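Chain naming follows the written order as A, B, C, D, E and F, and within any one chain the residues start at number 1.
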Amino acid sequence: MPPTPSQLFRPDNRAADALRLTHITPGYIVMPEGSVLIESGNTRVLCNATVEQGVPGWLRNSGRGWVTAEYGMLPRATLTRTARESERGKVGGRTHEIQRLIGRSLRSVVDMKALGERTIILDCDVLQADGGTRTAAITGACIALALALNKLVAAGTLKASPLRQMLAATSVGIVDGHVLLDLCYEEDARAEVDMNVVMLADGGLVETQATAEKNSYTRQQLSQMLDYAEKGIQELLAAQRTILDATP
Amino acid sequence: MPPTPSQLFRPDNRAADALRLTHITPGYIVMPEGSVLIESGNTRVLCNATVEQGVPGWLRNSGRGWVTAEYGMLPRATLTRTARESERGKVGGRTHEIQRLIGRSLRSVVDMKALGERTIILDCDVLQADGGTRTAAITGACIALALALNKLVAAGTLKASPLRQMLAATSVGIVDGHVLLDLCYEEDARAEVDMNVVMLADGGLVETQATAEKNSYTRQQLSQMLDYAEKGIQELLAAQRTILDATP
Amino acid sequence: MPPTPSQLFRPDNRAADALRLTHITPGYIVMPEGSVLIESGNTRVLCNATVEQGVPGWLRNSGRGWVTAEYGMLPRATLTRTARESERGKVGGRTHEIQRLIGRSLRSVVDMKALGERTIILDCDVLQADGGTRTAAITGACIALALALNKLVAAGTLKASPLRQMLAATSVGIVDGHVLLDLCYEEDARAEVDMNVVMLADGGLVETQATAEKNSYTRQQLSQMLDYAEKGIQELLAAQRTILDATP
Amino acid sequence: MPPTPSQLFRPDNRAADALRLTHITPGYIVMPEGSVLIESGNTRVLCNATVEQGVPGWLRNSGRGWVTAEYGMLPRATLTRTARESERGKVGGRTHEIQRLIGRSLRSVVDMKALGERTIILDCDVLQADGGTRTAAITGACIALALALNKLVAAGTLKASPLRQMLAATSVGIVDGHVLLDLCYEEDARAEVDMNVVMLADGGLVETQATAEKNSYTRQQLSQMLDYAEKGIQELLAAQRTILDATP
Amino acid sequence: MPPTPSQLFRPDNRAADALRLTHITPGYIVMPEGSVLIESGNTRVLCNATVEQGVPGWLRNSGRGWVTAEYGMLPRATLTRTARESERGKVGGRTHEIQRLIGRSLRSVVDMKALGERTIILDCDVLQADGGTRTAAITGACIALALALNKLVAAGTLKASPLRQMLAATSVGIVDGHVLLDLCYEEDARAEVDMNVVMLADGGLVETQATAEKNSYTRQQLSQMLDYAEKGIQELLAAQRTILDATP
Amino acid sequence: MPPTPSQLFRPDNRAADALRLTHITPGYIVMPEGSVLIESGNTRVLCNATVEQGVPGWLRNSGRGWVTAEYGMLPRATLTRTARESERGKVGGRTHEIQRLIGRSLRSVVDMKALGERTIILDCDVLQADGGTRTAAITGACIALALALNKLVAAGTLKASPLRQMLAATSVGIVDGHVLLDLCYEEDARAEVDMNVVMLADGGLVETQATAEKNSYTRQQLSQMLDYAEKGIQELLAAQRTILDATP
């Protein structure tokens, strides 16, 4: 029988279903239309939203907008230095996969008709990586997106924000047979299963991706991972609301 | 209340929980160590396994092997022509994401110690794309992998096949509120939710990825999608067994 | 004195002036405007024709059309695996040379004024390579081109096919001092001279390229190679006619 | 006659020969061997030093070390978004020029024999750009370099730090005929002449680059620019000393 | 009936079977092991031979050498400026085709065993292009190759030159129904057929490539083109001999 | 005390403040609008000016022109062969830095309003490199630019040349403690300080870049280097005038 969450040892003594300490700094950078520095434990991701006129070719004259994301990692975000993708001349598979996930998630909460023919680019740059960078990026980018859309409303460009609701994301995994919420790098490296969940404020699921790194998992384990993830995301949604309420 | 599966209209009159007709042709190409043409309806994927001596740098002298995958699509696999990635000079994000999924899935069933310092490359090339190319690629590549490993055993290079068990994959989705198994392109393009499931012969889950393309999904819907996927994958696993039993 | 053709040993016991068995499957893929799978012995090339509106920049507003070709090889078309050009990020010299040859040859039989401002792209993808892939590609692509143009006529887009006449191509070479028609890979690798010939249905020559891989060749040998090539091409032109007559 | 420095209007009311407020945060990121966030007004550059074993090929077995730099800018460091160099697949000319300047400057203060066959990479990433990013990068990177070398000494890997002395850098320019120290973006965009100066703690010059963006400059103006730059660099060298004295 | 050669008008009043004025300047550049500037009319190609130790991977430990060529064109070698291939980030199809032709031709006259494990690179850079650049490159590169090999003999590195014999190349074509030798750009642009011939000093053929740009050609025309080409190449071989005899 | 210039030994016995022999050949290539071959000792740079209609995007409809430069080096311009940037698929940092310097310098002497929406591209290709290639390129490119602009005036396209004045450039350095003008490669490789100076005909400075390769330099040394550079540039400006006066 696995120990109860309170009996487990995690590197930072957290309970199995506890998030890491999360700090969100809105307006970290002054240039972008929306900017947020999100810190989850030692993971630190800078999320900047840019509003550009126009849309990609296939949407031109459709009256609809577009939301996309780019993800990057500074060379020393990691324990040993990682070569720059600009130096290697191509964007790697992991980066592509993550930025597709971020963009797809955020598109699900934007009313593209209401946005009109504008593109919002969400740049998520990892200053320090200690596990969960893609889910921190989604949670942070959603705030940067909200801030940028609020600015368009404040400027009178849009009548109302095309953001239908907020969303947030977290990771969950199985380590030594135990389900754990919000894995840090040390836990992630040892995990048998790694799962990312993106959920709407109304509880609807947008993405669930569960990957067995070793062995496999049962439907019962999948269900418990979803329970933990929902708990964590509810807390992140509350943190987002606090920030947005306090930001003019 | 949604109609029962038998009341639904699908482009090819299938029941909601029915796979498309699947043909598997082993040895389609004579050069590779393992070769399979897998056809699911109009989707046609050529899966070839190559055995090479040696492993990537980070595994050298570890005594362990490696399994990796590459995925490609011929320009006219699609309704309108798609430019070659070789001409554009880079591999796109979708391709990266798919080949990472295929490689990761197949690594989960291979005993890398037993394989020794060899690399198996699974080339999955889509000759015609009508939905579900990545799951067809996984199902086909697992057979090509099995054939290639059997050849190493037959040649006396390995004492026993390092393949621990077979796995197969299928797609499932929600179209107009109904859960449907094994979407064709026309259904996929209209789906609200798109899910890929990779499952072991022993029933363990290796990958579950459910993405809301429009709106979101509930945990109950996720559960029904998993039910349908498990049914389809059991049938694919049976088809694989038939082929492997018949191939010397 | 070299032995007469009937005394020679070829890997498949062919006469020196005999083609390999050639199969042509029209409509192998259903998406393209014209599709042909051509098999010459173990060489297997999928030729697909795509019709696109518009022409490259330098022909815009000229009233003239354009025909171009792209050539690719699946990684395991060859005995040992060849890395994908998309992975290496660039198209190699051999590929460039071949697709220029295919495009140039096919342009010579199309009335560009009658085609109008349309581009026809011929994708020639080698599924299995056993010598003579470029000439098989030309012979197959000409049928795919004819089928695509016939479809434009059938649809009423064009009044008559802009294809002035058919053409076909074969390889011929000198192995151990003997002129041989339609070299397979094993012969090609040993050949002193390797020649490709593209000829029109009316007997006019479009391309003759004879390369000494070892030593050199005389004008008399060049003449004999042309004799053999003409014989082979006549047979290929007949096979093309049979297919086209049978295809609505 | 130009107004005296105290009469000039600068966007932030600085005197003509005054630096912007400069903050230096050592250890901003925990992973690298040396890490510094340097802020000069709104310019914010993260400088991280990485120590790697080994040297580039041309130095192998020479017993000598190497110091190099890479410079990057986050897409929204600038007023309007700049595309990522990784997306464009190549590093631009400005980036190359800057990283060559940073690397060359820092190599001038390191005793490569004493460093031994190690490479130190200085990653300078601009989080926010408001003029003077390359000189802020040099000033910050020199501290990150000092910290990383001190760590090698503390660990007993090196007996003494191979850093011969500190250096710092600043920009100076001519705007509307007036020499101004440490230009912000608004001033830089209007400058007639733009100059970067890198100077050692002992007053020796390492780099002086003066470029006329409009018109040209006299030797007398060049001399006044050097006077201002020297004053500013003395202040930066003092700030560096304060930080290094306080860091164990 | 076509006019006799002497009745034809060519832009420079040459007879149909006359070469353009050809100047060969050995030692044009002092750095390379062999250097030749070859001028054929306004076509000007700088051919430099470099000797490097070692061979490509597939020849290592074979005791055999390698000869390869690279071909480039300065941006203003042409009437309107052509973008640099280095700026576009890839080598074009035409360039690939030409450098493969040059390398293959020159390999046919070198005894690779006698050369030993050395690589000779022939850089052929077109300073001005007025037709026939690839054949001028071959003719010039063969001299640069001979000079470089003679230098190895003079230095005592090789006992005898591994160059078995010289070769030279020229173009020939059909313009308005007339066979013409050594086309300049103006003629080449109007030609119905364009042919390149590479021939050994002993009269053996190494490459014959005849391409119909419009219509097609008969075997009789092919034969006349070969006659003209042979005449021209004999003259080029004589010019090469004069240069080599005069160069120590 | 350092020896007086006349006592110094330089590889070619020049005085410390003497330029190398400089030859300027206008019209070296006939295709470009302006063409110059400039030789400084063994350094040989071909400078070609191309006039194109239109300007880059950010200047469109501004009524202003643009001047830019590209710099290249043939593989055997150097003692040992340098790989082509087209083969490596990217333009290196040094090339970028040099072409930015050339373009920026020449833009400083052109009245962009008077030029109108035209782009002038200056291609500077080094045939042989023996030090000072970037300054030779600037000196030569300015003549090619003047010739091209004169041609626009002669053709009636422009009323007067938009070239405000000529400029020229040279290098100067410190070798063994002595200031030397116009370093050849052998001197440059040993120099402690390397400086490039670009100066206008009216004596105004456009670029001064002084880099310490070893140690550092004093302001007094900087001043002496500028004295020598001014002397050399005056001689180059005189040579330019001679050429331009003699060219119709």
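Points worth noting:
Rule of thumb we're sticking to: a contact is a pair of C-beta atoms (placed from the backbone, for glycine too) under 8 Å apart; a residue touches a chain by one contact, two chains touch by 3 or more.
Given the structure is predicted, the values throughout are model-derived calculations rather than measurements.
When the partners of subunit D are compared with those of subunit E, the chains appearing in both lists are F. Here subunit E and subunit F face each other with the same set of residues for the most part; over half of the interface numbers are shared between them.
In whole angstrom, the spacing between the mean C-alpha positions of subunit A and subunit E is 60. For the pair subunit A and subunit F, the distance between C-alpha centroids works out to 51 Å. Averaged C-alpha coordinates give centres for subunit B and subunit C that are 33 Å from one another. Subunit C and subunit E have CA centres that are 28 Å apart. In subunit B, the residues that reach two or more other chains under the touch definition are 89-91. Taken in ring order from subunit C, whose neighbour in the chosen direction is subunit E, the chains follow as C, E, F, D, A, B. Residues of subunit D that touch subunit F in their complex: 90-94, 96-97, 99-100, 104, 108, 200, 202, 204-212, 214-219, 222-223, 226.
Remark: subunit E residues 29-32, 35, 42, 44, 46, 48, 50, 52, 70, 72, 74-81, 84-87, 89-91, 95, 121, 123, 125, 127-128 touch subunit F in the complex.
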